[in-house]
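The same chain A turns up in both complexes below, where it pairs with chain B and then with chain C.
== the complex of A and B ==
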């Protein structure tokens, strides 16, 4: 990684030039990061005492931004799969996907000191997901985490990124993940964000798909006072398919922002996006989903939907589904809905002897479950079902 | 209503912009350039009261602090505002014609060519049932049926006359919907607007005929800045039509108009536009820059404002007719067809701002893009915290003809009240090849088939247009899409 220092210097100067984004910029119109920008973060390190539950045989654990070999388990990985720290590996493709003009990516590139590196050779199939666990409880710390995941031709692979923080601690996670899915590869990427509700969480996920590659991303957000996911998919080979689903469950004064960008660069690709949100108390959600179909990306099939359920007065939603289409032989749709629970459905349940509180909980869970249902990994799904139930109980109780 | 009219395809054989002629008429205009003196001079020539002059000057000074907006998905070279002339009036207006007989026959001929009946006898003979205010180079030249309308207490005529005859009404309402600080083009308009239409419908009056303004740009190198103010008092109803054409010229011309609508309690306003400014030639040379601010204010309870627009002309369209739904139970509607061909660009849509309780809004937008055109829908639905039980339904469909054009959808949905029910749907597809094939089989050529399919695609919007406009709109659609296939 000879060029790394050069890359870092360049990124540092980009960040210096850009600074933190302001709400005057279109992409940051509804998300004010001044609270983050005005804070100083320290580099002191301490071990983290946060509980976690591994969702597969193999897992990497990062404690307050540092890899903990003791807590991790990557022994006995099948041949052809390499999992380790990004600091120990070199890959020419590093930094080629992530948007160099984003302030958060620039800060990450300039400062990152840890992250996961996963390389899957061609023709490998692994059922159990690799679980990347990021634990945080260091008040006033900033974690710039950098991950690179590369999946070879025809391989099937799944990975879970989970961010867990101790309630009450305030810190800043700034992660960047680059995913390369080669031709015919199938990659399932899960992201579970359970940061402390007083923390800042920002992640940029960039994925590039080869011919006939299938990439699915499931992003579940429960934590952080101020959180944002920037997800960008690039369909670079014909026959590619990208699935981006998400669920955000927010309460108190949480603010969560998803910016999704799907780039159909070539013909014959599909993309499907389903984002759902449940908002309670004074929480606020921003969803911006942009589908770009370039001039020669004929036969594109793109579907996007964003649905929001508002549980209380004071909850707010900004939804911006966008289509930008330069090819004619395409089928593109998007939809957005925002509202309360359906009173007719509630009434129906009541007539069947289900009291309103329980009826409400059932309908809310059903609303969220549509996203969970799309997940292929049973352990991940079960784990999330429990988290959603827990969240709903807290909200209704 | 019958939409299929075999004549509507006659236009397909016309290969040129039909309204591209220039009327040779003496005009009285200011030299190019803009400063405070020009603003004061416009106001002086129009013999305006002091408060209006000062309002214009305030707007001018604010304008000098603004930058042109760049967020719209349109591209054009920067406009040199000092190269434009800000006032052009047909000379004859200075000795103000007392009746239609005194109007310059050249002008009457122009409007006859455009198919606008200014002679009331034609109307009486049953040709049309529309009262027309004709605006020529942003000066109102004639208003028909003024008398009949006056009997009902309806004030309809040019903006300048209204400033003279009903200053209290103008003062009360001007700038209350689109304030002079609103946006770059609206602010410019506030400083230099030359004329436009004014309309007031008194309490409980249902306007017995369609009111119409016909805008015609004639002079070269002039900017066109009309201002329309329409007020429907309690329980009133009015249906208003607006049409536009311009001569064929190689330079781009700026048209920055402002339309303000006010609907009081139980009032209803239906505002329809067929915009057919000169779109420029195939290579994108010339054409009108149509940068218009249109906004309606549902001030009272149970009021309703409905916008219907058919946008076929202009090199660039930048226009967002909006509704502020302040009164409880008020209703906002937006029906739009935007067609772009060749090098045309359109960035158009609406804003529905829900403030009152039980307010509802409907947005139906159909975009058709052909050639190398770019067509964007940009809209906002905002539900304020106070808007209990607000309801919105939006449907934005785009159709692409050819593989070098673009269709874009940028909705903004801001919801601040949990009782809101908001739905937005958008689709983008190619024109159906099997449908064209089906028509070909039945002996229709491809161009006719495209016309049929597109008219069907837009039917939901056309049915909202008054009869005469619906037929015209269909013809226009055909002409705009000429040469887009094959």
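== the complex of A and C ==
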């Protein structure tokens, strides 16, 4: 525990030094966190009464930041897979990946008291995803959740992080997840953010990939008044492949920010990023996708695309692709669009008898569906298809 | 009663007058062809009939199956039995052809007060219709027209027409860009749909299509007006002599 205490002390002093970021900082230019910075949070604990649906056989449930062994089910896990609390972790690499110069990571390291620790040995295959469920309904509470996921050589593994809040409750989730994908490992990471629309949600996800490792992250955001995902991938072994896809569905005055950073450190790696957003009313999205191709990273193939659909004149998107390339033999492309529904497509549907309201709903769903289609897990995809349908019904109705 | 009765139709797009007094009557079961040079207003006519709001009808009257088309917007015209096969079918990524067709078929059924087709009935209908058009199964599963070749898109249009069983099928230059095999498949598909109740309006540039789908009437359209009407032999005449003599009459 001494190591941890040292780490916490150091992180606390970093946070003290940095404070919450302001819009004067480049990485926070379009996301103002003063509403969060000006609020006090308590540490009182209460049980959470929030419904959830397990998406796999094995799941861990956290209630207002605390692991609930009663609600969880990790009995009968196959040999070679350990799932438990981060407080019982046994991995020297803890904290080595997360950005030490981020105020949110620093606050998390200084304060976290719970989270998931998953260790998958070499050569293991598990079809069913492990579902990490974070339930929240405690007004005025802050949840600093810390997860560490380590997947061994040649293993295939998937995990879902789902954050669910009771509508109307106001709290702050500040999560940090570190993922280590060893050589030849395949890791699918799904993040479903359904926080209360009066809550704050921040998460930093850091993934490191070994040789020929494949890591995919699918981040779906529906909730939070103010939210941000910082997603950082590090391709450290040749032949690695990182897929970072995302979908944000926003309305009212929601503000959601995605900062992606893909670090191509070595040669022959691929990264694909497809981010789509549908924004209604006065919502606002920020997408910043930075791809760094270091000098040694020849034959890099990096593709990034950010497409946004605005359903109202009051909605706003800041899309900021950033390519930083130091190698000379690479293929990197990026594209960003912000638009409305395709009138010509809508007319085509109408000439087949489909009324405009139905046509709009079909086209909007089709827009979102491109991201869902990339998901390998059928239960996760089906669950999200329903959530997207529900969301579309609400905004069109 | 005529199925389609167009009287003195004038229409414009972006302030430019394109149609300048079209008169056309199509009775049930008849096949009419409209031929004309580029820019004569052929595609404008098909879009005005289908209800494309980019085009503005400025004068005249269109009666379809006894209804004034002014009272119906595009999806209502489709439900009432008017079908437009597009010159350039639209790609819609993210919506499967099957899902799209089911929504379209059921929209028409709802309008006619018929029961909605469930998944099984719908598959049966697909099986019945798809062979006519020689459509591969994977095209049905794929997103609407996405990544289809030019010929596949046109076949898909006729397949949709077969599924929707309209009263009037308008084919807007369906033959453009088709090789001879695809043209034959498309024509066979249309001919299979011919019936004493169903009418067709073929809009085309070339006589070739009319070798396969033989029309009852051929109209020549120039500068937004129908300048001559005749039987199928008129198409051959045009093929040999071109439009030059007509175009010259009312130069720009």
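A few points about this structure:
As a convention for this text, the second predicted complex is superposed on the first by the 396 of 397 C-alpha atoms of A that agree within 3 Å, B and C clash if a C-alpha of one lies under 4 Å from a C-alpha of the other, contacts with A are read in each partner's own complex, and residues count from 1 in each chain.
The working rule: contacts are C-beta pairs under 8 Å (C-beta built on N, C-alpha and C of every residue); 3 or more make two chains touch, one makes a residue touch a chain.
Since the model is a prediction, treat every value here as computed from it, not as a measurement.
By the document's definition of touching, of the two partners only chain B reaches A:312; chain C does not. Contact with chain B, but none with chain C, is seen for A:336 once the two complexes are overlaid on the shared chain. Of the two partner chains placed by the overlay, only chain B lies in contact with A:324; chain C stays clear of it.
Using the contact criterion defined above for the overlaid structures, shared-chain residue A:227 touches neither chain B nor chain C, since it reaches no partner. The partner that reaches more residues of chain A, of the two candidates chain B and chain C, is B.
Of the two partner chains, neither chain B nor chain C is touched by A:152. By the touch criterion defined above, A:240 reaches neither chain B nor chain C. In the superposed pair of complexes, A:56 makes contact with neither chain B nor chain C. Applying the stated contact rule after C-alpha superposition, one finds that A:298 touches chain B and leaves chain C untouched.
Overlap of the chain B and chain C contact sets on chain A: empty, with no shared residue.
Residues of chain B touching chain A in their complex: 71, 385, 398, 400-431. Contacts from chain A toward chain B in the complex involve residues 26, 295-296, 298, 308, 310-340. Partner chain C is touched in their complex by these residues of chain A: 344-345, 347-356, 358-359, 362-363, 365-370, 373. Taken together, the chain C residues at the contact with chain A in this complex read 50-53, 73-75, 77-79, 83-84, 86, 89-90, 92-95, 99-100, 103-104, 107-108, 111, 143, 160, 164.
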